[in-house]
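I've put the structures underneath this note.
Across the two complexes that follow, subunit A remains constant while its partner is subunit B and subsequently subunit C.
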Partner chain A sequence: MKQLPLSRLNDLFAAISAARKLYIPADDAAGQARFTVWQEGTALSKNLNTVRSAKDLFFPQVENLVGFKVTGKQIELIESRDPSEPFVLFGVRACDCRSFDILDKVFLAEPADTYYKSRRENGAVVTMACTRPAETCFCTVFGIDPTDPAGDVTCWQDEKNLYWRANTAKGEALTEMLPLLGDAGEEAVKTQQAETRKILGRLPLKDLDLRGFDGEHMMELFKSPKWASLSESCLGCGTCTFVCPTCQCYDIEEFNTGSEVKRFRCWDSCMYSDFTKMSAGQPRPTQLERFRQRFMHKLVYFPANNDGVYGCVGCGRCLQKCPIHMNIAKVIKTLGEDAK
Partner chain B sequence: MQQGLKEKAIQLLKDGTVDRVLGWKTGEFFYDLTPAVFRTPEEVEKDFVFSVFSGANLSKYLIAESRKGGKVAAFLKPCDTYSFQQLLKEHRILRENVYVVGVQCDGTCDIEKIKAAGCEGVTAVREEGESLVAETLYGEKTIAKKDALLERCTVCKSHKLVVFDELIGEQGEEQDAGRFAEVEKLEKMTPEERYGFWRGELSRCIRCNACRNVCPACSCEKCIFDNPDSGARNKAAADSFEENMFHIIRAFHVAARCTDCGECSRVCPQHIPLHLLNRKFIKDIDELYGEYQAGADMDTKPPLMDFDKGDCEPSVVYKRGGEKA
Partner chain C sequence: MKNDPLIPMIGVVTKIRVDTPDVKTFRVVGLDGKKPFEHIPGQCAMLSIPGVGEALFSITSSPTQEDYLEFSIKKCGCVTDWLHAMDEGQQVTLRGPYGNGFPVDTDFAGKDLLFVAGGIGLAPLHSVINYCRHYRSRYGTIDIVYGSRSKEDLVDFQEILDEWCGEEGINVHLTIDRAQPEWDGHVGFVPNYVKELGFDTSKTVVMCGPPIMIKFTLAGLMELGFDKKHIYTTMELKMKCGLGKCGRCNIGSKYVCKDGPVFRFDQLDALPDEY
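Moving on to the complex of A and B:
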């Protein structure tokens, strides 16, 4: 375990930044946190979490895949991926860190997505333990410990110090680059963890019951009449999907610039009316089917195909941001009664 | 108020005036109410809530609800009635299938503002006079109620319910709470400053379309931006300016139909002050074509769909643009 007085946090950021591109959660003009490239003067946000999740850094909203240029009968392929460079992602919460495991299952399964893979390889994840969880937090339901998040490095912050523990070879390598970190004992961290765990025990959603959300109950859940009322006032916007750390669906399209055809991909949302539209039409014609798809995917299909791992990490972003306050917690509670 | 609304909803269902009621349903917390249709008195009794967190404007749901057969009762706050009437004017809602219960309103709260005011982990709120006392996971915290109001409520344009079949509470009056003050600040900026302001604000957009989908004036069956055949589908912007254009085009599209209900800004996950674009158009229309409030009545001709000799000439653009035009 290493430590650093908080008064020297800026020096730490400067030291990391000298060697790697560094992203930290910083407040935007509206006072909400967002992963931002650190520059001298960028202050670490005091917000619990960022509005957009940390997945953005590995799976950006839009990226170019390849370009094509046609000259006569010749088609030239133009490499247009952004070169990936080593970077450090500082201040990731336990929930978002777990989301990388979920995204890995999708993007690193063979054949691996090389765009995602190179960013995962280049990115070092430095997590930050939570001390003041919100009422919307329920990561513990998914077996996540916010007082001891994973990542290449785990950090804790109390009133005086930052504590730093390398967990992986990548984390060790980063630590070696930072001689300003001093040695520390475990006591302060243990004390803080005990305090935070008391709060975790009082979180209103800590007892969300996932029993019955599995492949066994797939058809029963799929056919539940309750989807109608759950989805009734859904606006069909993409807020839940776009702030979600585990939503991974994208669309690939081509755009003719006049001199070149650019193939790009961008996030897509199963809540949108044109999602997976095919020549035969939209396979999910109303919002009920689209809404059901999103939650069946996270709570039933994904665990059924991935050894019981749910496609949700309990970060609470959809609870905070859905314009009509419909969300996965309400879905779990409403359908859970049927599934048991 | 809550009890009165519940009793009214139950009575309307029981006496057969309506067979459905559109209202707000209780959530996991005290603040996360969801618009919902209630079909039985028991459902109303169990889950119906009206509180300072009943901010969602229910008018747009009535486009679909009024076409589902039978009759639906809807509880509308004063600003919601403007949206409702504007939709009637555009022939989007079947009036005969809706029973409007007008509800007077003292302003609705923004939970994100409450949290940002230092009430993280909030689990309950009670009103004490002009204050809100929040119980949080980290102790109690008191804030002024006015600091918790949704932006639109801090500059409420009207307590008047412009259309209703029945009223709960007193009829109110239109009022001037200075809703154009922020627009005036923007107008005083230099073009460069204003451009910088909007580029900054709009740069946070994640194109979730929440603003469009919640907007009562955006009632096209199929938005051009969602239509693969339109040639204008815009799933990913080619550059950062295209993102900005989406919002500006949308503001043009709803100009003179936007009632300034403020739903766009209420739902924006990135807190972009989208209402300022719409309010600028409203202010311009007031100045160039005479005072006009969308949704205020059924008869006044919309200024952008009507012509009279007093209308401004296109050259006004150059005059107003100053040196930069």
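Moving on to the complex of A and C:
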């Protein structure tokens, strides 16, 4: 375990930034935290979490795949991949860190997505333990410990110090580049963890019961009549999918710049009618089917294909952002009875 | 840039054959003039015209065709409109093959096969049928029930007459929806025709066609006493990646692009009917 007085946090960021591109959660003009490239003067946000998840750094909202030059009947391929460089992602919460494992199961499964893979290889993840979890937090339901997050390096912060523990070879290599970190014991961290666990024990969603949400109950859950009332108010705005750290569905589209056709991919949402609409028909004609798909995917289909791992990390962003206050916690509570 | 699953290769359309008023068959080779890649009957490939779009099509030619890939494509949307309007010599992009394909060398081996197709639904079965014809001794009798709206809408009609119909052990049963002057064959819908013909239930069935044909043919086969474990079909849902990652072609926990497109009806019964 290493430590650093908080008064020297800026020096730490400067040291990392000298070697790698560094992203930290920093507040925008509206006071909302976003992962921002650190430069002299960028202050670490005191917000619990970023508005958008950390997935942006590995799976950006839009990225170029390839370009084409079309001349008459001829087509020429043009390299158009956005370059990936080594970077450090500092201040990731335990929930977002777990989301990378879930995204890995999709993008690194054979055949691996090389765009995602190169960013994963280039990125070092420095997590930050939570001390003030919010009432929308329920990561513990998915077996995540926000007082001891994973990542290449885990950090804790109290009133005086930052504590730093390397977890992986990538984390060790980063630590070696930072001689300003001094040695530390684990006492301060243990005390803080005990305090945070008391708060976790009082969170309203800590007892969400996931029993029965699995491939075995796929048909019962799919056929539940409760989807109608659950989805009734859904506007199909897609906000939940855009702030979700595990939503990974994407679209591939093209843009003609005049001199070449750029083929890019961008985030998509199963909440949109276009998502499955084709000339032959529409398998999900109403918002009920689209709403059901999103939650069935996270709570049933994904675990059925991935040894019981759910496609949710309990970050609570969808609870905070949904304009009609519908969310996965309500879905779990309402459908839970059908699953047992 | 090569060998990336999302980056296509360039192909050339060397021949375009007009099959029906709205179906054309496109012959595609690589820039080197050779077959772009090997495939299993029932697998698909992504074809695109940059600036127009990319879409998934089943490969119509048999793997035993060593020189090229062929795609029989119905004109029904943005990409297919463009494909139908282009000329020979046009380059396209393609990537694949995708999907599981039909179990031609395992479950189908030694079996009597019954193919049931409607309209453009013959396209994915065409590859299997010609594969089975090529390795004729590996399979029992082959029955083909194929129907469409009219005589003009029968895809590969000339090949069916010239090649399939005359072969020993292959029985072709053609039908059209409504009678027309120059047609002396069967008239009526495919599901009824299958029931009229009344096949032996030991046959393995391979079916593809419009959803309404599938639904009623399946019901008819059930009445005849067939087992869903021996009835195969091939599915089509909207796809973007073809690799099981873009997230839109799922039927329950299965992705059509990766776990399909070929499914048995007992497998589909265990999945939500969202297709």
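One rule holds in what follows: the second predicted complex is superposed on the first by the 337 of 340 C-alpha atoms of A that agree within 3 Å, B and C clash if a C-alpha of one lies under 4 Å from a C-alpha of the other, contacts with A are read in each partner's own complex, and residues count from 1 in each chain.
Here is the rule we go by: a residue touches a chain if its C-beta (ideal position, glycine included) is under 8 Å from a C-beta of that chain, and two chains touch if they have at least 3 such contacts.
Being a predicted model, the structure only gives us computed values, none of them experimental.
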Putting subunit B and subunit C on the same copy of subunit A, do they fit or clash? fit
Quick check on the superposed pair: does A:C270 touch subunit B, subunit C, both, or neither? Answer first, second, both or neither. second
When the two structures are overlaid on chain A, which partner does A:V243 contact: first (subunit B), second (subunit C), both, or neither? first
Should A:L108 be classified as contacting the first partner (subunit B), the second (subunit C), both, or neither? neither
Looking at the overlay, what does A:L180 touch: subunit B (first), subunit C (second), both, or neither? neither
A:A194 in the overlay: touching subunit B, subunit C, both, or neither? Say first, second, both or neither. neither
Does the superposition put A:D251 against subunit B (first), subunit C (second), both, or neither? both
Draw lines from the C-alpha centre of subunit A to the C-alpha centres of subunit B and subunit C: what angle do they form, to the nearest 10°? 90
With both complexes superposed on chain A, which partner does A:V37 reach: first (subunit B), second (subunit C), both or neither? neither
Considering only touches as defined above, state whether A:D28 meets subunit B (first), subunit C (second), both or neither. first
Contacts for A:M326 in the overlay, against subunit B (first) and subunit C (second): which applies, first, second, both or neither? first
Could you state the shortest Cα distance, in Å, between subunit B and subunit C after the structures are superposed? 9
Subunit A residues contacted in one complex by subunit B, in the other by subunit C: 251, 268, 277
Partner subunit A, residues of subunit C touching it in the complex: 1, 4-8, 10, 50-51, 53-54, 76-77, 80, 87, 89-93, 211, 236-238, 240-241, 243-248, 250, 252-253, 270-272, 274-275
Per the touch rule, the subunit A residues reaching subunit B in their complex are 28-32, 34, 48, 51-52, 61-62, 132-136, 199, 202-205, 229, 232-233, 235-239, 241-243, 251, 253, 255, 264, 266, 268-269, 272-274, 277, 319-321, 323-327, 329-330, 333
List of subunit A residues in touch with subunit C within their complex: 65-66, 68, 70, 73-77, 79, 81, 106-107, 109, 111, 113-115, 215, 218-219, 222-223, 248-252, 254, 256, 261, 263, 265, 268, 270, 275-281, 283-284, 289, 293, 296-297, 300-301, 304-305
List of subunit B residues in touch with subunit A within their complex: 27-29, 31-37, 56, 61, 112, 115-116, 120-123, 136-138, 200-201, 204, 206-210, 212-214, 222, 226-228, 233, 235-238, 266-267, 269-272
